[in-house]
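Heads up, the thing below is written out as structure tokens.
As written, the chains take the letters A, B, C and D, and residue 1 is the first residue of each chain.
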């Protein structure tokens, strides 16, 4: 038995979307169901992803229960990156518990001071009192990489500029050059303003269905996720070890190592692409973030699920692509990692 | 030197005060509802499927899984559907202050709505409260377009 | 769903404040106990599911810091949170992970440290346009619904007090329980402080610091690890509309619990729950709720719940002992409370209940409840399907 | 419409016995402690009750006050942070760096500076400065 992605829907990414969370989510859900040619009644279970403190709401899935069609149905609410919700959704199907599962993630960076809020995710005894947040942690990780690699900052600037150029048409930020990136102010040295993906609002929904292995469409194959130790000092900072472990699990589940035509990493910072390529031992032939990835707009929590949607669209496109990989991450300096292989059948 | 949990040494703790502000979007349905309150007008959204008239108005009926757009007027008078008299007050997250006790609370089914509104009651004597009592809104003098434009509900004599 | 079973359980000492341990250390205490009970080491865990209500402790993504307590470092870990059902939903998520074929052994751990937050913080961030200006709080919400239960079912304060007495006396035989009151009387309950009419202090659950963990295993490892696995025969979740005033969010009707129970009994082949269940661990945050749940769970006809408690049907020596552990009324670390329900139900089937063991229990019910909006129902059995 | 909604909520986090012992040594004696795991020998700083390998790491040993800078970053208006591995410890931890960022580079030797007034928190260690 296999798990097919029957539909994807997306709202955003948008800068400062004036709509409420249910309004944004409903748009994504309706699009995903429409694409899957399914009504709400065909959905057996729902998996949602949201984080209370980012939404400023207790049990923030309450806000979306109606618009995801979960009333009087099973809903699992995962507080992590949306790709983990998709992986959990695929487990519901693999377990034989449900045939059709809707997975929905939303994020609204315009709601609150995102980076400040992330300080509330850090160890309150040893890290939070120092005023640290995920941005500072990313700076420490990037510096550790740049310390042994004189060309790193130039390379990251080129990556950021390339992603921004690809995203300019549909993203929330204009294109810029590598020189612009290097000239932009440091936000957490060596990270510069323009080498970071712009924060945005949005939602992504996908429909997963039990399918025969040869059934035409895009299938969600091997999946893996992982949580590293919390303290940066207890990790190999210049690696995404957690992604390496998650990827090994995904390959084990998948059975074979597919030739990847496209990769959609959740890179909020240009330097993370180095870590991503390294952890997956990515072939140079794999196209990375053809649409600019998160540089079109980084929607917290929904980011990983939006990457999955991007891979599905690429595999369905006219290019005849066969396989791709979607990636999600959450926590300081990539503490949480998730990865999923998608294949066109 | 050893450290074991449960030993007599009092453990230390770290204090953090959360002072955060979020910019919440109302959505168009709630925006219209709140604008109505500023003019002492209450409106509900009616579902074309089940016919339920929803308060608060929302974009979507979770039961019928249909979008909502049919506005219906609701009176500021209704029936007490449930009640209590609170002695342990909730702390208002906006101010950090508790409300003076005791105070009455009710679920009020306003005439013209099918869901109930939770709100304060002017009456705080348990012996004078009962399900089925008729109650009406007591409005603030200067309306601001928020749910506390209604100060509380009083029992209709 | 493929076969999965609970093969080990562990919990902390629950108390008003566990200042001797940090959050990860508290979780570790329960996780270690669960692994010891299952007879496995951390290396044998394939995935971890965590349950915790973020805003009770003011943490975003609490698994990042506290997950290491559950041996999650270097493993797949996800966090589930839906109010009171967080723990049961995390267990159900763990069942699904183990049934997916991707993971053989899954550790589910729930925790809460209420002492680290403000009493009402968890409830403070409700809908800013609707509830926040006129919030009634957890106790107030229960009290409102209870006024309907009293009016329509004739439930009395004395009947509710009997639930409080049963819970705290049972808790006295549970070494982990927070409130242990072996001598509690109905009069003491009725004399306790009024919180929100008619709910008194001793009608309500406490706020506890504590953690609980279970080890879930798929078919083969379950048989290998446990002489008497608690097989999952049904695991059902139902969610509701979002607002307190929405139609079926009432103790009286509690549509989600009724629906979930019916679906669970169907899956487990149970026709007469009162007769066929040997023990139940239900999520009763307030005495009156337990009486309402008797009806919603089909243990009695409508209007008969008061008689059930008066006749001792749900007492330790009754036909269906309900909450031998002392229930949520005696121990309530919210993120753990649902895990405790499943753990206690499994413990009964494992036959490791000590002084609170129901002799020969082979079919056990566990439920989760959250703000009238969410219900979970789990049926565990000594026999695999 | 957009509504600005604020909260003011207090939280108090228990450090637990192990971290408290570390913080007390920091406050009362100006010393840095780590915990040594009896099974795998790893010395963790700050100390933790439970080692990564699953064993209890209850033996406390003194580490630092000198150490090695592993990485660092500077945030505008917020100063510099460094990841420092104290001598005698196998792990590094993040704290403030007290020197100008221009002078910093990975691998350099740094030294703990303790706060003049100490109250039992991680800020009792004022940060690290470049060793002279």
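Everything that follows uses one rule, which is that contacts are C-beta pairs under 8 Å (C-beta built on N, C-alpha and C of every residue); 3 or more make two chains touch, one makes a residue touch a chain.
The model shown is predicted, which means the values in this text are computed figures rather than measured ones.
Asks: Name the chain whose C-alpha centroid is most distant from the C-alpha centroid of subunit B.
Replies: It is D.
Asks: Would you mind pulling out the distance in Å between where the CA atoms of subunit A average out and where those of subunit C do?
Replies: 33
Asks: As a quick test, compute the distance in whole Å between the mean CA positions of subunit B and subunit D.
Replies: 45
Asks: List the centre-to-centre spacing of subunit A and subunit B in whole Å, with centres computed as mean CA coordinates.
Replies: Their C-alpha centroids are separated by 36 Å.
Asks: Hunt down the residues of subunit C that sit against at least two other chains at once, touch-wise.
Replies: Subunit C, residues with two or more chain partners: 19-22, 25, 58, 68, 73, 118, 121, 123-125, 127-129, 132, 241-242.
Asks: Mark out which residues of subunit D touch at least two other chains, giving numbers and ranges.
Replies: 2-3, 5, 7, 9-19, 49, 52, 121-122
Asks: Any chance you could list the residues of subunit B touching two or more other chains?
Replies: 5-7, 10-11, 13-14, 16, 18, 20-26, 30, 34, 62-63, 93-94
Asks: Taking chains as nodes and touches as edges, what kind of graph is this: line, ring, star, complete or other?
Replies: Topology of touching chains reads as complete, every chain touching all others.
Asks: Help me check something: in the complex, which residues belonging to subunit D touch subunit B?
Replies: 1-21, 23-24, 33, 35, 47, 49, 58-60, 120-122
Asks: Going by the contact rule set out above, which residues of subunit C touch subunit A in the complex?
Replies: Subunit C reaches subunit A through residues 1-2, 22, 48, 53-55, 58-65, 67-68, 72-83, 89, 92-93, 95-97, 99-102, 122-128, 236-242, 255-256, 259, 370-371, 373.
Asks: Where on subunit A is subunit C touching in the complex?
Replies: 51-54, 56-59, 61-63, 65-66, 70-80, 84, 88, 90-92, 94-97, 117-118, 120-125, 223-230, 242, 245-246, 249, 253, 330-332, 335-336
Asks: Which stretch or stretches of subunit B touch subunit A in the complex?
Replies: Residues 14, 16, 18, 20-28, 30, 58-63, 65, 67 of subunit B touch subunit A in their complex.
Asks: Where on subunit C does subunit D make contact in their complex?
Replies: It comes out as residues 17-25, 28, 41-43, 57-58, 68-69, 71, 73, 113, 115-118, 121, 124-125, 128-129, 132.
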